Amino acid sequence: MNLLLIPIVLPLVSALALLLMREKTRYLKEVLASAAALVSLLAAANIFLLPQQELVYSWLGAGMNFTLRADNLSAFLLLAVSLFSAAISIYSFSLPAKGSSKWFFFNLLMTQSFAAGAALADNMVAMLFFWEGLLVFLYTFIALSQDTAAAKRTAMKAFLINGVTDLCLLVGITITGYIAGTMSMNEISHNKLTLDYGWSVFAYVLLLIGAVSKAGAFPFHTWIPDAAKDSSAPFMAYVPAAIDKLLGIYFLARASVYLFQLNGTMSLILMSLGAVTILVAVMMAFVQKDYKRLLSYHAVSQTGYMILGIGTLNPVGIAGGLFHMINHATYKSCLFMTAGAVERQAGTGDLSKLGGLFRAMPLTGLCFLIAAAAISGIAPLNGFFSKELVYKGALDTGYPIFFWAAELGSFLTLASFLKLGHSVYFGSRPEELKDTKEAPFSMLLPMTALAAICVAFGFGARLPIENFIGPCMVALNIQTPMLSGFHADKLYFVSVIVILAAVINHMLGLAAGGGKPSKSSDHIHYAPVLKEAYALAERRAFDLYEQSMDRVVPVFSLLLFKVDRFFDWVIDTVPSRATGFLSGASSRFHNGSYPLYMALTLAGAVIYILLAAGNGGLK
Amino acid sequence: MNDPRLVLFALTALFSIWAVMARSLLTSAIMLALVSVTVSLIFFDYGAPWAGVFELSVCAGLITVLFIGAVSLIRSEEEKHPESRARFYALPLAAAIFAIAGWFYLPPFFAEMAGWARPGTGGGTIGLALWDMRRQDLLGQVLMLAAGVFVIKSVFPRRTEK
Amino acid sequence: MDKALLAFLIIPLFAAVLIPFAARYRPRMADILANVTLLAGLANLAWLALSPSMIASEFANLPGDGLSLLLVGAIYLVGLCVTFFSAWFLDENLPNRPAYYSLLLVSVAAMTGVVTSTDFFTLYVFVEVLAVTSFALITTDESFAGVEGALKYFFLTFPASALIIVGLAILMLTLGSLSYENLRIFMSSDIPAGPVTFGAALIMLGFIIKSGVVPFHAWTPDAYQGAYAPVSAHLAGIVTKISGVYALIKMATLLRFFDGRAQALSEMLMFLGLLSIAVGAIAALRQKDFKRMLAFSSISQVGYIVLAAGLGTPLALIGAVFHLFNHATFKTVLFLNSASVERSAGTTDMDKLGGLEHSMPWTSWTSVVALLSTAGVPPLSGFWSKLLIILALWESGLRTYAVLALLFSIVTLAYFMVMQRKVFFGKKTAAAESSPEVSAPLLAPAIVMCGLIVALGLLFPYFYTYLKVVAERIII
């Protein structure tokens, strides 16, 4: 089998094999899933190390090839997807709160398979096929993770939001392919499309919607916080934190740099979208009172940095965006894993009920500290470097406002993680948590591995930038500037100021909240104007999905129902009445009367004979 | 036109009308048989012996037997509900109308038909062409006779049992 | 007369004459003799048409025009099913048992005569024999409805005989001969058709009445409903088809409908066909009696054959012949099943029946197969014949006819679904409570026919080569 097929086919086959197993088998499913993920990881590493490969099957008749193409960017993405799959499957080994383990691993492996396919596909139709496949497993993943109605509802919400945006992507890809005359991304990149005329702008905007929605950016993010509450920690660590971000940003980069030649306006739109996502989500994250829910808003907020980075359209910014993509996946996965570990050991994710767990779970706490520091952009962890590149890219565009927005987001991020860390791991431990123990080895292993990557990519930032991001930039046909290295320039000082400000803010919050770390955000939560805004947000007034479900959909569905009833009446009631009438009449006619029958026969015969004689018979 | 022929035609017409107007179904069946007999005589007279034989055997013999069988099947019902015969008295009138219409229309019709006739095909007269080629129908006639016999065998045991 | 198939006429006739003597002291001998005669004939036919060398040469060496052979096959098949079914169905004490079998065999012989004749007068004689035998067969059990049906059959088809005779006279006068061959030659010449087609039109009208095409259909529901149960299968399955519809197909080829020599006649025939489809299907929807509904369904299906015959293109004729054959298979199954239901539940009133599928699963499922074939559901044989007919209509540019034919095929499915639900599915009624499955011999014909329906559907490509040979030969 071709090496390129292994990361797609192996998980798929393993997932189907899982379905054959009984639910009661112990560890068999886990071992199979982990083994499949690990072998795929090895294959992905192999693909990454080998020079660019291509696999072409003729498909769908003339001119449409099924092409898998592992250029540097795709291979890198495949490696990342496989890495997180392996990490999550090991992490889930002994986690009970993931729903039916058979279906969990089935969904996980299917998601991995389709994500790998989407990463490798060169033909946009093939990519769309894999992309839509993910949608199915997104639904089943959430719906089967908990046996509650809320899980089904959230699954449907995720499905509908992504379904609508995937539809946009479908239309966008169709138009793009039509304009370019080919569906192969590689061929389009040789002769990039420009945004000079309406159709191409339309196509790009549709592609953009598809990509940023997959990445979970504002305003398509609303299912993620709900999923945090209604599904499992490994799902959150896997799909919204890792896979979705990777694929969304990957395709955003492809579309914005590889397929289209963007102009200044579109760049501004992208950067604004990024900045708004950062701020809105982080404001929401800041006031959350639940471990996973807080993390989920951050998962949205961090997407903003990546979009902002790619939106700058300068090499530094794009490199920052891509680097931030992989960094974010690493630390956010790690954070969700710590959330899962804490939930498993302490039995709750409610911040007000947690506290002082650092002594009980030192390794988990340490991983959390590293990952939280990384997400907050504290030097010298990986998040610092990627954010720095994004800032630099934003400054280079000449619109410092985006830089300030990003810094403000950074400040709130750090503040919310101070609150989170303080409430969970420090302070006094509640009575009920006296017997809490450290998480099992299978959970600690992937967690520490991801934390180690955070540290390694921080201290040795040159390594990933030169080995991963640089080649990706080459794959996107961008001249790579000097990216790496720790510069003690003014950006560093700004970040120090942000850290100090966040610490002071936390002190203030603690003082205002009566020393309770979980209430350290209340002084902002209940600040005059923000109070009302938050209250509205709590009522989901800004959630497009909920609003449309509440206001637009009922009216629309009532209308459709009426239309449907009308057609039903036309094609069902009317014909059945008519045939009923006719057949009733004919039953009454066939009453067995011989003279009547004879008259009918004779009348018919007379007409027949006259017609036969008249038309060419006797003339 | 010589006399015996006219007598035969008149008899045919008489028996026909009698068959339709008869009060008893049995009578009309017998009258029908007599119609067949006179018609077969006409056939003999016109020099078509085969046609005469078959008319006599099949129509006068077999069909009459069938009719009588059928009549005996429905007889009991018939006697329970004697039908109103008033409308049948209009029949001679209808027959007269048909006859007059036929007088006007049929001769030109047959004249036109004769114009279409293609005497060359048979080589001889129409009668010759018709009856020389009829050997294959013998099988059909045999089958008809067999069918008649079995119909009688099928219908009459039941009658006698009741 | 087609000499190669003459034996298939004479042997049943001989057996029919033999039966009363053989069965004088042992009534069972009648059953055995009739069944053996027909089975032997069928085996002989199968060898004639399906021998390996014949299949290898793609039926190039078929005797005659191939159509007679196929139809003789259908006649023997239905005849065998009916006699086999009757052997177990007939009342032991029926006094006219030998005569019943003799009549069946005579009617088989007469039908063979109809399909092998090469001359209109011969055709007429055999058709009359059929009418006589049918009349006696319908009244086999002496029920009031049977006698009424028989009389209606006889008297309503009587004008048909008169019209055929008049048509024969005009044809004789204008053509100088009554053989098929002469008519064919005449129609392919350039001589203006005129009265020849008028004569043919009268003959055709006679056969239209005998086929039970709307508006000349009134005798069919009463005759089929009133007839003795196995006889209605015989009558609906094959007798009316051979005595009416076959002649229409034959005339369609002789009058060369496909090259527009008798355009008006062709159009009239097609209109009557469509009218039959519509009236039969709509009337079937609301029927309360199982057998009466099947009778209306039969009218509707005959409509398809007549419609295709009226079109007269090679494809349409293939469809017509194939549908004729299929109609023989599925309608026989349905009528025999209605006989089984009547035997088991004591009634064929659909309002009193219900839930029979539990006690009579075989009857129920063979009905499903047959009704799906009637409605034209793939891959059953009925699907192919309807497809051919509708395709032929579409290709000839008669889009309206094609669409309507398709539409009424859906109505067909609808009324059969109603029937299936009322009789076999749904809740058990009082009548269904005490109705066991009929014995295996009574089921065997239906199962064999269902096997044939499925096999013909699946092996259609082979059958199609046969039908193509037939079409080529009858259309030249």
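Before moving on, here are some points about what is shown:
Labels for the chains are A, B and C, by order of writing; each one numbers its residues from 1.
Everything that follows uses one rule, which is that a contact is a pair of C-beta atoms (placed from the backbone, for glycine too) under 8 Å apart; a residue touches a chain by one contact, two chains touch by 3 or more.
This is a predicted model, so every value here is computed, not measured.
With centres taken as mean CA coordinates, the chain nearest to the overall protein centre is C. Using mean Cα coordinates as chain centres, the one most removed from subunit B is A. Centre to centre, using the average C-alpha position, subunit A and subunit B are separated by 93 Å. Spacing of subunit A relative to subunit C, judged by their CA centroids, is 66 angstrom. Computed from the mean C-alpha positions, the centre of subunit B lies at a distance of 30 Å from the centre of subunit C.
Counting partner chains per residue, subunit C shows two or more touched chains at residues 194-195. Across the assembly, subunit B contributes 112 as residues in contact with two or more other chains. The set of subunit A residues that touch two or more partner chains comprises 618.
By the touch criterion given at the top, residues 66, 70, 73-74, 112-114, 116-122, 126, 129-130, 133-134, 136-137, 139-144, 146-148, 150-151, 153-155, 157-158, 161 of subunit B touch subunit C in their complex. Of all residues in subunit C, those touching subunit A in their complex are 148, 152, 155-156, 159, 163, 193-195, 197-198, 201-202, 205, 208-209, 215-216, 218-219, 221-222, 262-265, 268, 279, 282-287, 411. Those residues of subunit A that touch subunit C in the complex are listed here as 579-580, 582-584, 586-587, 590, 592, 594, 596-598, 600-605, 608-609, 611-619.
On the subunit C side of its complex with subunit B, the touching residues are 1, 9-10, 13, 16-17, 20, 95-96, 98-100, 102-103, 106-107, 109-110, 113, 117-119, 121-122, 125-126, 128-129, 132-133, 135-136, 139-140, 142, 147, 150-151, 154, 170, 172-179, 182, 194-196.
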